[in-house]
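Take a look at the structures listed below.
Consider the two complexes below, in which chain A is the common component and chain B and chain C are the respective partners.
Entry: the complex of A and B
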């Protein structure tokens, strides 16, 4: 990922070969065949430069300008100052920490279940299919279903009543709204992490497992000393994709389940950006986008570093 | 590790519970969608006795679902076709041809993969409106293509890289142009990867809400997901009809999943185990 960061300034240079080819025409005759690689790659580069890289630059630029009557006027860091004093931003920042606490939970659940499936518990094929099913459903559908399931008079509270537990308005109370949404997100996506783990398991060297068994290693020892070190790449990958999924993939659930509420209790950065943009404050929204970008880059880098160190010690 | 019979059955019990927890919400939804409104009010939890398909008919006709279905199908099909074409062209060039800037191109693709849409959504919408593409199908299609292209290129490049260069070189010696090699050799050999990416990207486009909400603002151009999320406001006191509408949207997804499960999992696990 360090390479990625370093690469950004070079990005514009890679169009030059394509752009420069007409200039070479006098010396070498232009040939569709000779320029084939550039012809093949050109649509991809053009789309990514115009609709990914340019907006990114534009957005960073935008975040230093004003909204409404100050549209286009350079206002320095004022947007960031406004943002850092906004209660909804505070809520979103606090909620990011809550989200990060839920990441290990999802990875752990998926990892354990993947281990069981890998060990071929009875019915493992069926479980694998069932667990993955919610992954293909849209967050809109999942949100709609869980709005009913989690309602104050919904089936989950019927279970609570039957067990003598208090009835909770899961999505209507500020302390349970976000955890409920995150719980639903885990329900919807752990199948993805599980399948990634299984792909990793299939690359574990069978000879190592056999050697461990011959040496009399217990199941726990086999998992700790053989499987986990062998899977370090996969575990990293799951951690990173799960974190990024939680920080950037919950919009649909928030939109259908809580709309950020009650109050700002379940705001996340992506929802804040969307909301600010909808309130005709695109420049302020851009400042929030820059903060989210930094957050995602930092989390990606930190996770890779921490996990690399952790697996080297084993 | 494979001998502990009893332990394996003990493990299977919580797994079965979890499987029930996964399926139950959907069955619960189906049960309610089949109830009449009166039944729903009187007895929410009980198993439905009469199979009342009127809710599905109501949701389909009153909520303009047919129109939304067509919108979603059109946008998804065109977007996926473009994504597959552009990404296989780029993947072929990046894996089998040498050219100046290939490394920088690949880095551009990886960088684009890392940037979530949320980060660029405000300036992206501004860029689209500069091209006057807001509220147009080309605008939504370009949004999907640019969003899902980077990962698909990455996947196709990795897939094509496993095809030996001798094959493409032999085809060139036989007198094929590079375009001929692409069309006659790479595309047919890449069919499994194209299928996998086609299904996965179709799901992404079909299920998207955020991009669609931003780009398509007029009601008649809504995609299915936006249309369904609006159903809730249309039927605030008629839950069975609302859930019937939701199930009409779920149905094609479950069918696709049952048919293409393997291709979908191949797609999502790409990159997990190597480099």
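Entry: the complex of A and C
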């Protein structure tokens, strides 16, 4: 019995009443077996702390200091005040809303096309690779390609001209620049969302689908009452990753396609961060980064909450 | 099991100790190297944005050779950074205390806005002041921070063949704003090409427009006051710049989609390719007389800014373009010798010809028969600094944005 209980700290091995047992307990807590899990997760946690959390704290701390002659001086919230009065920040904030409007579009495109592939439309294997192809292209290359396609005298406008549609300088007009870039971003990245959807489809319970069919559910009813609730976690995941991708992964396209312009019409927070740093205001750029981080955090959490309800997660 | 865990823990501890040792020893080496006593350090770390062509690479070799004549023991380490991110990277490196000893800067705003990170070298360069032109772009608050290597200006180039086919006299380019407007109308009506090549994607067009044509818009007094920092953006002539900018676009002077065309090098390619009659280009580095000459040859013409307002004095807009600034106080002496090596006469003379530069060393004679280059040099004595490089980074950025968004409303 003693041997069986030997390693249990709550059962003292030698039953000596008094002060002895509380003294022994803490020593046993630090035995090698007990600390083994800690030792094993230590590298992962250390890497996380040193390369993620520590720089994050440094960055947040840096955002409370000044730039140039005030370099390293604590200036409180001044950077944030400056930021909130900057017209470029206003433009970037407005554009975040535009970006959020495009997120459902990308999810919808990926979701519908994934459904077609799932339903094995003719040539579905071919389409699966074609849809994924742009994902492997560098944003700079995609930007360069679409700079030509969308140029004022480019192929798209030639088609428009031939069809009698108006010719637009897609990337040179305030109201069309950002939507054009977002459209290209969707084209370039929906393949990844599509693959995630396909992975999600493979987890849909076939019995539920069969049951729905036996109950006489139409295709729309099957999708609405069976597929979407079954895929709710996938949809949430795609929504959140697409949003993050749009807010943090569009820099390359912006840089090559519009350079934030015309004016500040296509500024997004990450582009603003880069611009501010380039203007020798790294601390102000840090403040903008903190705001972007909070923004993504809030939007991400809200999305998950909203989507949980919308997709009737089981 | 116990043994396994304890050896794992031991291994981890050992690894951590080693890493810690490594970190400490690296720090110590860096400390003794960076904090070396003035002049005794045997390495000079230099940042620039690389050599764009063979001529630039040859010039860099010449400069290193010149420098090593006086400092044979000093190892020159040149780090080329991408130009697009140059100032971002440099700013971050300076911030982190890992900046170079010497770094290349554009004159004007880029250097002046960073003057607080630079070591003044006013007295050290006083002996070469007389040989070089273009100093003001490298001076701030009465101190000199660098010596100009090349002169950067915004000359207006034109295509004589297009002028001829539009019925204009290529030997007598427009001299007033009205004549320029009439010339553009003639080009529009008589040819298939555009009047001006322009790329305004980054908003840079307004810089070229303002500095390229400024001396014909502002009076000499207004011009000098502007350079000295007394600027009235609500003045008649300052507003006129923006009005003219908007009108020129409304009148169809530029290529289609100018607002989404990159200045470097799409717009200059339009001019080189004979798709536009005129362009406000540069005098050094890129988009200059030599580059255009390769495509247009005899057809390349140069013209001065046009007179818009009475009482103005037409001047070629040109000033010190790029130069090296000193960042490490400890290596100031050898850094100054590096700067002097970059403006040495023979190296500059070779590069001027090979690379198409208008160099700062006024004792250099440019041995070329490209007429536009000789015409630019002939205008140097009456030249004036660029209007836009006197502006702060914030103002320039605002100007870029306003100038591109006022067009997109069209």
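The definition used in the following text is that the second predicted complex is superposed on the first by the 264 of 314 C-alpha atoms of A that agree within 3 Å, B and C clash if a C-alpha of one lies under 4 Å from a C-alpha of the other, contacts with A are read in each partner's own complex, and residues count from 1 in each chain.
One rule holds in what follows: contacts are C-beta pairs under 8 Å (C-beta built on N, C-alpha and C of every residue); 3 or more make two chains touch, one makes a residue touch a chain.
Given the structure is predicted, the values throughout are model-derived calculations rather than measurements.
Of the two partner chains, neither chain B nor chain C is touched by A:228.
When the shared chain is aligned, chain B and chain C each come close enough to touch A:33. When the two structures are aligned on the shared chain, A:208 is found in touch with neither chain B nor chain C. Using the contact criterion defined above for the overlaid structures, shared-chain residue A:98 touches neither chain B nor chain C, since it reaches no partner.
Between chain B and chain C, more residues of chain A are touched by B. Looking at the shared chain after the overlay, A:68 reaches chain C, while chain B stays out of its contact range. Of the two partner chains, chain C is the only one that A:174 touches; chain B does not reach it.
Contacts of A:140 after superposition on the shared chain: chain B is touched, whereas chain C is not.
In the superposition on chain A, A:282 contacts both chain B and chain C.
By the touch criterion stated above, A:274 is placed in contact with chain B and with chain C alike. Overlap of the chain B and chain C interfaces on chain A: residues 32-33, 36, 40, 43, 147, 153, 274, 277, 282. Listed in rising order, the residues of chain C touching chain A in the complex are 1-2, 5-6, 8-9, 12, 85, 87-88, 91-92, 95, 113-114, 116, 200-203, 256-261, 393-394, 397, 400-402, 404-405, 407-409. Contacts from chain A toward chain C in the complex involve residues 32-33, 36, 39-40, 42-43, 68-69, 71, 88, 147, 150-153, 169-174, 177, 258-259, 261-265, 274-275, 277-280, 282. For chain B in complex with chain A, the residues that touch the partner chain are 1-2, 4, 8-9, 11-12, 15-16, 18-19, 21-23, 25-26, 28-29, 32, 44-45, 86-87, 89-90, 92-94, 97-102, 104-105, 107-112, 114-127, 142-143, 145-146, 149-150, 153, 177-179, 182, 203, 206-210, 213-214, 225, 228-229, 232, 239, 242-243, 246, 249-250, 253-254, 256-257, 261, 264-265, 268-269, 271-274. Listed in rising order, the residues of chain A touching chain B in the complex are 1, 3-4, 7-8, 10-11, 13-18, 32-33, 36-38, 40-41, 43-45, 47-56, 58-59, 62, 113, 116, 119-123, 126-127, 129-141, 143-149, 153, 155, 158, 187, 192, 195-196, 198-200, 202-203, 209, 213, 219, 222, 233-234, 237-238, 244, 247-248, 251-252, 255-256, 269-270, 273-274, 277, 282, 285-286, 289-290, 292-293, 296-297, 300.
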